[in-house]
Each structure stands twice: as C-alpha cells, then as structure tokens.
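Listed next: structures, encoded as structure tokens.
The same chain A turns up in both complexes below, where it pairs with chain B and then with chain C.
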Partner chain A sequence: MSEETWTPSKKKSLLDPRTKLLLIFVEAVLVLATTGGERLFWFRIVFAVLPFLLLLSAKRYKICIIGLAVLCTIFLLEYTVFPYAHGLSASMLVLVITIINRFLPAYLTGVYVIRTTKVSEFKAAMEKLHMPDVLTIPMCVMFRFFPTIREENEAIRAAMKMRGIRFGGGKVGKMLEYRIVPMITCAAKIGEELSAAALTRGLGKYKKRTNICHIGFGWADIVIFLLVAATVLYWILGVFA
Partner chain B sequence: MIEFDNVSFAYDAAPEQKSLCDFSLTVKDGECVLITGPSGCGKSTLLRLLNGLIPEFYSGTAEGKVQINGEEIQGIGIEELAGRIGTVFQNPRSQFFNVDTTGELAFGAENLAIPEEEILRRIGRTVKAFQIELLMDRNIFELSGGEKQKIACASINVLEPEIILLDEPSANLDYEAAESLRQLITCWKEMGKTILIAEHRINYIWDLADRVIVLENGALKKEIQKEEINRFTEEDTSHFGLRSLERISPVSLVKNTEQAETDDVIHLENFHYSYDKKHEIFNIPSMRIAKGKVTAIVGKNGAGKTTFLEVLSGIRKNDGIMGLDGKSYSSKKRLGKIFMVMQDVNHQLFTESVLDEVLISQPEENEEEAKKILAEVGLLSFADRHPMSLSGGQKQRVALACAIASKLPILLLDEPTSGLDHAQMYTVGEILNRMKGEGRTIITVTHDSEFIEHCCDEVIQIKEA
Partner chain C sequence: MSKKESGNKLNGRDLINIGIYTAIYFVIAMALAMTGLIPIFLILLSSMIGIVGGIPFMLFLTKVKKPGMILIMSTIMGILMFVTGMTWMPIPFSVVTGLIAELVYRGGNYKSMRSAILTAGIFPLWSCGNYLPLFLQREQYFADRTSYGQEYVDSVMNLTPVWMFFVLLAATFVCGIIGGLLGKALLKKHFERAGIA
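Then we have the complex of A and B:
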C-alpha cells in the first residue's frame, strides 16, 4: 500500500511509562513521606526540582509557573510571616507550609505522568510488567476519566454560576450537594456508556491483546534509574553506618 | 442476512411495558435500513438485540428469534459479536476509551488480537477512505463533537465488520457534522456493508436508505420501500409524526428585520471573546435582538455559538455591555439575570426531585405555583421523581420549567432540540411560545432548520472572528 498517506508516529515521550511509575513511587516515599530524614535532604531537593524539569521538557509551562508561584509564596510565608506568628496562627502556618511543600512535587509528577502518557503506552507497560487485567483496565479507565471529570466539573460550575443567585439565603450548605450530585450522575452515565462501547469493540475477548504502541527505555530513563539507585544506596549506607 | 422473527422484548426496569412487540424484519446483506419513530418506539432496543448489549448489559425478557446468517445470536456474548457487528453510539463524548485518536482507532483491533502490522494497514486504509489525516495523533478531548463522531466511525471501520449499527449518531451533531456523517455512511454503503440506522433526524440520510421502517410502541407501523422513499412528501412525514425530510442549512434561513433603536430591543455592544490572545472566537461590535420574541442564533461549526450564550449569560466574563430597558448590564450584572438551558441538561439538574428543582429556581419558593408550572410542561405526575431517572426529553422540560419558574426576562437555549422527536420538538415550541406570551425574550442557538421554521421569529447568524 504505497499510496497510504498516514504513517504511524514514531514520537515517544521522554520517559518510559515504567520509569514514570517508579518516579511517582519515589516522589511519594522520599518527598511526601520524607523517608530517610535529614541524611537524604539534598536528594529530596533534587527530586523536588525534577518534576519542574520534566514539565518543562513536556512544554507544560503554565502548570510549571503556577507550581513555582505556589512554592515562592510558601517560602515567603516561611521566612517573612512565620517568625512573627504565635499560637494558633503559627501552628496553622506550619501545617499549610509542610503540606504544600511535601505534596507539591508528588502532585506535579502526577500531572506530568497523566499529561504525557497515552492510555495505550500505559497498557503496554503494564503488560510488560505482567500486571493482571483486573488491575490494568480500571487504571486505564482512570486515565481517560480525569479529563472527563474536569470537563463535567467545568460545565456544572458554569450551570451553578448561572443559577447562583438563586442559591442565596439559607441554602449555602447545600452548595456542595448541588455540585456533587450532578457530577456523580454524569460520571456514572458516561462510565456506563463507555463500558457499553468498549464491550461492543471486544474489550476482554482474549487474554492476550495486541498493542500497536511500542515502549522502551532511553537515556532519560537511565538517568532517572541511576539517580534512584544512588539515593537508595546512600540511604542504605546511612542505615548501616 | 439479519432476521428478527416474532421478537418481543421488555426491559427489567419496566417489565409491564413491551419495548418490542412481536416484531419481524429481514435485512439482506448490503442493505441500508433506516429505523425511525418517536422516542421510546423501540429503535434502540432493536439495535441492542443485535450487538449483544441485550441481554448482557440491559437485562430483560426476550421472546422470538434474532439470527445473523441463520445463526441464533441471543446469548452469544457481546465480545463474540465484536468484529462482526460494529456500533456507533449517540454520545460522542462517551464512546472512546483512549485519550489519543490513533490509539482509539487501534483499540478494537487490539482487543481482537489482530497482528500489529495488519492493524496499521487497516488504520491506513481507514484514514484514507474517511479522509481523517488531520485528526490523527490528536487528543480526543480537543476535538469537536462532529470530529469525535468521525473517530468513532473510523474505529468501527478498522474492525471491518459486515454489519454496522448506528444508534442516533447525529443527535449531538450540527448541520455540517451531520452532512459529513452522511459521507461516511455513503462510504460504508459503497463498501457493501449492511447498515442499520436508528434516527429521529431522518433528513440527512433519507435518500441513502434502501428501506425505511417506522416503529410505534414496539411494533411496525409502516415499511417504506425504495420507490416510495423517493416519492415521500413532507405531508407524509407529518402524517407519521416524523421529522422533516428537507436538508436546509440553518444559515440559509437568516432573517433579521432591522431593529430600530427603541425600547423593544436588547442591545449588545462590543461582544467578543477569546480563550487566549491569539484566537478570537467571535467579535460582535453591535447586535440588536428583538425583545419578547424568539430569536435563533445560527452559525457554522466553530463560530462560537455556545460561547456566545455563555458570555451573554455572564458565565464567561467579557467587557461586552448589554442594554435592556434603558439600563446597562456588564457581564457581572448579567449573571443571575438570565436563565440558560444548556445542551447537556444533566449539568444543571441538582436536586433529588423534579419539584425541588423547580422550587430552587423560584425567586421565592411557592409550591402551588411550582406545581402549576409542572402541569403546564406536562410533568406534574413526575413531581416526586429524581430528575436523573427521566428521559432526555423530559429532563429538558424540567429545565424549561425551571426557566419559567425563575421569572427571569431572558431565556437562553443551547441546541434545545438535539435528540428530540417530532412531538417533543413541538412541545418545546409550545413552551417557548407561552413564555413569549409573557413578554420574555428567548434566544436559542440551534442547527435545527425545522425548529427554526416552526417557532423562531428572527434568525441571526454569527460568524467566526
């Protein structure tokens, strides 16, 4: 078929989906749960900066700038406001600062992974890791569902805004319910239609599906692996020292 | 060959009501059959019996035989039929599993464990036949409804089934998108596929059909053969309660009597909107809309019709000013002064009962009046039902009841007739006329030429900036 006008794209994302999974795990353990304590401080800094670099490599500038802005605000709070705070306000500040400092890198890594991984790439990775379908398929659906939920949420917010003035008075407490009820019903309806469509296209017919998507490790994956290995090694040395 | 032999079916959800009743039909290989009839006539049930969604997905009691090439298919299993039967569904947003278009096209074939090179060859052929080069390697969430529906058709085509079912595929499409859907169906016809289409909106495929089946209450009302299809007139369609046959572009219906600068107009000044600095969606320096009338807003795909309504209602901020009764309204002031019925009404039904929904829309709750309004839109017997348990047409009437209850002077509607049958469309028209009688102004975005001719006084086109 020489006259074919379409050729499969060879473009791959910088990291293999398996590396991305590893990265999420490391971010959660090292930065979020602060495993390793003071000894791993500099590694933690590296892993906190890493999501920004990855987002830059994926040309996600907006979220990068927002992340930086949040980080700057937190630092400002920590060094200008915090020293003068006392009592309840001080503990509130500590809470906010710690939560954001710890969650932000993991959250940004999550954003990077969701935005740069195709469902089929993810599926291919899970198959290579010999994960069972009962685990893989719900996770694939989640990938597809994040943007859906965002779309639905925006539409519902618009609808509420339009009728907002009617929700005044004693009904403020009901706002959350009004927001969540249509959200759940819409998501459930889409989920049901989606599974009907997927079943009619043979999802689950054979144990072994084919996959036109190729994944593989590149130089960036090796860099991340070395970094993770170095962290673990340094940590273990510290434990036995 | 597809054979329905004395088939009856009742859903478990409504066992007393037969969705199909002693129905028989034979479809020859390569035939294109259009199945139509009012909402709830059993069109979708017919298709679901074929693709296996009944009984696996929608349970119920079935009688009679459904056979493909002499083989009974009841109980075979949905995925066994995949690859032999392909189905295009109504909602473009809920029938793709992947986020990228290429992965989506491969999805079905991957499930059937077709070798990789063969999948790529088939995708190549499909892309060429359907002319969708520009849609490849894209994020599906960034595509328009019409483009999504094209991808849905293409992903079915990659499976190369002999039988193709389409369940109200145009319900959410505008005029041009329906026309391009027509082209894809023509393409399938040329490939010799057996095609069954369930539709309300029959105009865009009427002359493609080899046979038309009109259903009513689950039974055959009229079978129209090819010769008769060509002779079928508008009077005949209204006799059978069907939608119009004429393919008229809504843009060709523009009629806007020059509104004088009086108190009887709503004046829009400097209405423009852009998502980012580069792309302006629309730009309207000045527009006058007649007060107390029904005005249709038409425009090509991507002309920003929905965005225009969102800006007008104040949901989206801009610096346009609306003048009404000598007062000026900025976008902030418009918010809450204008009621909007969205295209997907599911997004604006918040409460647990139909009555509550109307009550929260009233400036001050008044149950007696709310019930009166529900009676007017024919929903009084549903007052205690959960809005989400209603049919699409009924949900929309709930939203219209809320609009009436709100007592707001301006009502905006986004594609109010999508997916509605002939009778439901007329009901919407009646409700709008009643609101007009109260002196309210109704502005509706629509692609439905029949609806425009039925109940719109003015037709204004907005153009892409």
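Then we have the complex of A and C:
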C-alpha cells in the first residue's frame, strides 16, 4: 500500500475518520456527561470551542453562525434575564441554559462529522479498527439514512399540516399514526432501493472488500490526539491526587 | 428473494435492514427524549419508547429471519446512547436485553406472532439502561445535574426511589407489549396493504 492510490476527491477533510470518532467519544464523555467535574472545566471550554473551529475549517459557515447565535442568546439570557427571574421561571431558564450549553458542542461535532465524512471513509476507518462487519454496515446505513429521514419527515409534516394533523390542530391523537406510518413506509421503500444499490457495491458478500478511500493521520489529527491525551492525563492525575 | 437464502448467516441485505430500522427507531427515541426535560416525562420515557417504538419494531420483526439481528440492533442502540451522553452503562445492559429478546423470538422460530409481541415487550428494556446511572451512581448523577436547577433534581429524586427501577422495567415491558399490539394492528391496516410487511 505504499504507492499513492487515486483519491475520489481532491478536497480531503482535515481530520481522519478515526480522529473524528475519538472526538465524538470525548465530547460525549467530557461535555455531555460532564465527567471529571470542575477540575476539567477549562478543557471542557476547549472542547466546546473546537467544533466551531472544525466547522470553519470545513467551510460550513452557516451552521457555525447559527451555533454562535444560539450561544450568544444563551449567554445574554444567563447574564441579563436570569438574575431577575424567580421560582419556576428561573428553574426553567436554568434548565434550558444548561441543556443547550451541554448539547450544543456535541451536536455541532456530530454535524461536522456527519457532513464531512463519506460513508466509504467511515467504513475504511472501521475496517482499520477491525470492527466486525455486522456492526459497521448497519451503522453506515444509519449515517446515510438520517438526512433521508429528515427530508421525508419534512414532506410528511407539510402534507399532514394541510389536513390539520399537527400539534395544536385538534387531532393530536392521530399524529402518531399519520406521521409515523408514512415515514416508516417511505423509509422501508427507500431502504429496498438502498439495499439493491449496496449489493452492487459488494456489501452482500462475505469476502473482504477493497476501499478506494485513502485515509491516514495528518498534523491536525496529532494535535487533537495530544489534546485528548493531555485531558486524560490531567484527569487521571486529579483522580489520584 | 429469488435466490435461496444461504443458511443462517447474515448477509448484506439483512445488515442494511437493521441499519434502516435502527435509524427510524433512534429518531423516534430521540424525538421522545426531548420531552425528558420535564421531570415526569423522564420517568415515562422508556414506556413511551415502548409504545411508539413498537410500530417500527414490529415491521422490523417481519424482516428478521435469522439469529442475531435483534441483538445487533440492541447493541447499536446501546452504543448510540453512550455517544449521546448516557455513560457506558447502557451498552452492556442493552446487549443483555437484546440477547433475551433474540432468544424469545427465536423460540417462535422467527415467525410466530405471539412471540413477536413478547419480543416487542422485551426489546424496549434497553432504554431502562439509561436510568442505571440514576440508580447506581445516585450521588454523582445528581451532583452532575445540580446545574439543571434544584427543583428539577428534587422532583426527579422524589420520583425515583431504588425500587422504582423494577417498576420501570415492568412498566416498559407492559408498554412494549401495548406497542407491539399497536404495531400489529398498524401492520395489518397499512403495511400489508402497501406490500412492505
């Protein structure tokens, strides 16, 4: 594998898919589940800023601006409105602020990873990690499928709105049936086509597949690895200190 | 399928089916989880997943013909729960519940409707794995969540004495069966007619 293979696109993303997985992992443990408590506060800030930088590097300016806007609104709420709130409204506010502060970085990381990783790259990375096919193929399909579900859901929502089936439309009970059933039907149909397409790509065989994607670690990956290593080290030192 | 199914080994089509139905299931679960911010809904979450998730799950079961598919779906749900910040505990838990669900459906030779409904009752138990940190690491769980506001913590605390976990398991099982029956009815009403069941 020493010679340069043909890569399908010139625009290689900054990070290796494996690094992206590690990032998701770290965001889940550190930011979402807030492991390590107060001691890791500054690391958490770093990992909260990171997705913004990554989105910028991938030229996803729109989502980056939306994220920043949400964050600014939250900070404004926290420092201007919150000191004057009392009782129930205060606790609701705290809830919203905390949830968004906690979920936003992880969500943005997720968006970055899904938008910049091709399914083939993901598969190649998983193969290098020696994950079994029975887990990776369904996961590949899932990643491919989420945007589709979203699209279909939008279309179904629009169609059902016309019939008055929406929240506050007086037919909430029917929502379950009339929103979920069409979605599943669509998904099942699309899924059939997807399996046909995947079979032509050799996913149906037990033989080892070849992969055209050329993945490897670069300087950015090393930076992330060092950052994660530093976090873990600092955390462990804190546990034993 | 015109070709003869080759033994009991999972092929690409099966794996893709798992992926598709897991994706639908996960989206539904996440949509429901958004309501978990209101304390009482946090407790009802697993039951709601049982009922609503029963619909896609019953359709999924009609595609399951080989051992392993339910287990894989359950494992993936566990991994996704880890990624969405529920600690590592849901992973082993969902593997165990997935295995039980698998064995039950296997008992019905992967086609009996009765064991399908029973499976639909057992499968959503994976979502109870999300509650494990709440019961096993009680102190830490609430220490992490003090920032949600004392009122939130208090109301969750009052709603969850330790025996509650078993009540939740039972409630989820019952709701899963209701979801299974619901799914069966919808299967008859919609999916069979559309030719996808």
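To be clear about the criterion, the second predicted complex is superposed on the first by the 208 of 241 C-alpha atoms of A that agree within 3 Å, B and C clash if a C-alpha of one lies under 4 Å from a C-alpha of the other, contacts with A are read in each partner's own complex, and residues count from 1 in each chain.
To be clear about the criterion, contacts are C-beta pairs under 8 Å (C-beta built on N, C-alpha and C of every residue); 3 or more make two chains touch, one makes a residue touch a chain.
Computed from a prediction, not measured in an experiment: that's the story for all the values here.
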Touching A:Ala187 in the superposition: chain B (first), chain C (second), both, neither? second
Where does A:Leu32 make contact in the superposed view: on chain B (first), on chain C (second), on both, or on neither? second
I'd like to know which partner A:Lys161 touches here: chain B for first, chain C for second, both or neither. first
Of the partners chain B and chain C, which touch A:Ile212 in the superposed model: first, second, both, neither? first
Looking at A:Thr80, would you say it contacts chain B, chain C, both, or neither? Reply first, second, both or neither. neither
Return first, second, both or neither, reflecting whether A:Leu95 touches chain B, chain C, both chains, or no partner chain. second
Taking the superposition as given, does A:Leu135 touch the first partner, chain B, the second, chain C, both, or neither? second
In the overlaid three-chain picture, which partner chain does A:Leu199 touch, first (chain B) or second (chain C), both, or neither? both
Do chain B and chain C land on any of the same chain A residues, and which? 140-141, 144, 177, 181, 185, 189-190, 194-195, 198-199, 203-206
Per the touch rule above, chain A residues touching chain C in the complex are 24-25, 28-29, 32-34, 37, 88, 90-92, 94-95, 98-99, 102, 106, 133-135, 137-142, 144-146, 149, 153, 176-177, 180-181, 183-185, 187-191, 194-195, 198-199, 203-206
Chain A partner, complex, touching residues on chain B are 51-53, 56-57, 78-83, 85-87, 89, 91, 93-100, 102-103, 106-116, 119-121, 123-125, 127-128, 133, 136-137, 141, 155-156, 159, 310, 313-315, 335-336, 338-340, 342, 344, 346-352, 360-363, 388, 402, 406
Tell me, which parts of chain C touch chain A in their complex? 9-13, 15-20, 22-24, 26-28, 37, 52, 55-56, 59, 68, 72-73, 75-76, 82-87, 143-144, 147-152, 186, 190-191, 194, 196
For chain A, which residues are in contact with chain B within the complex? 1, 3-9, 11, 118-120, 140-141, 143-144, 147-148, 151-152, 155-156, 158-167, 171, 177-179, 181-182, 185-186, 189-190, 193-206, 208-213
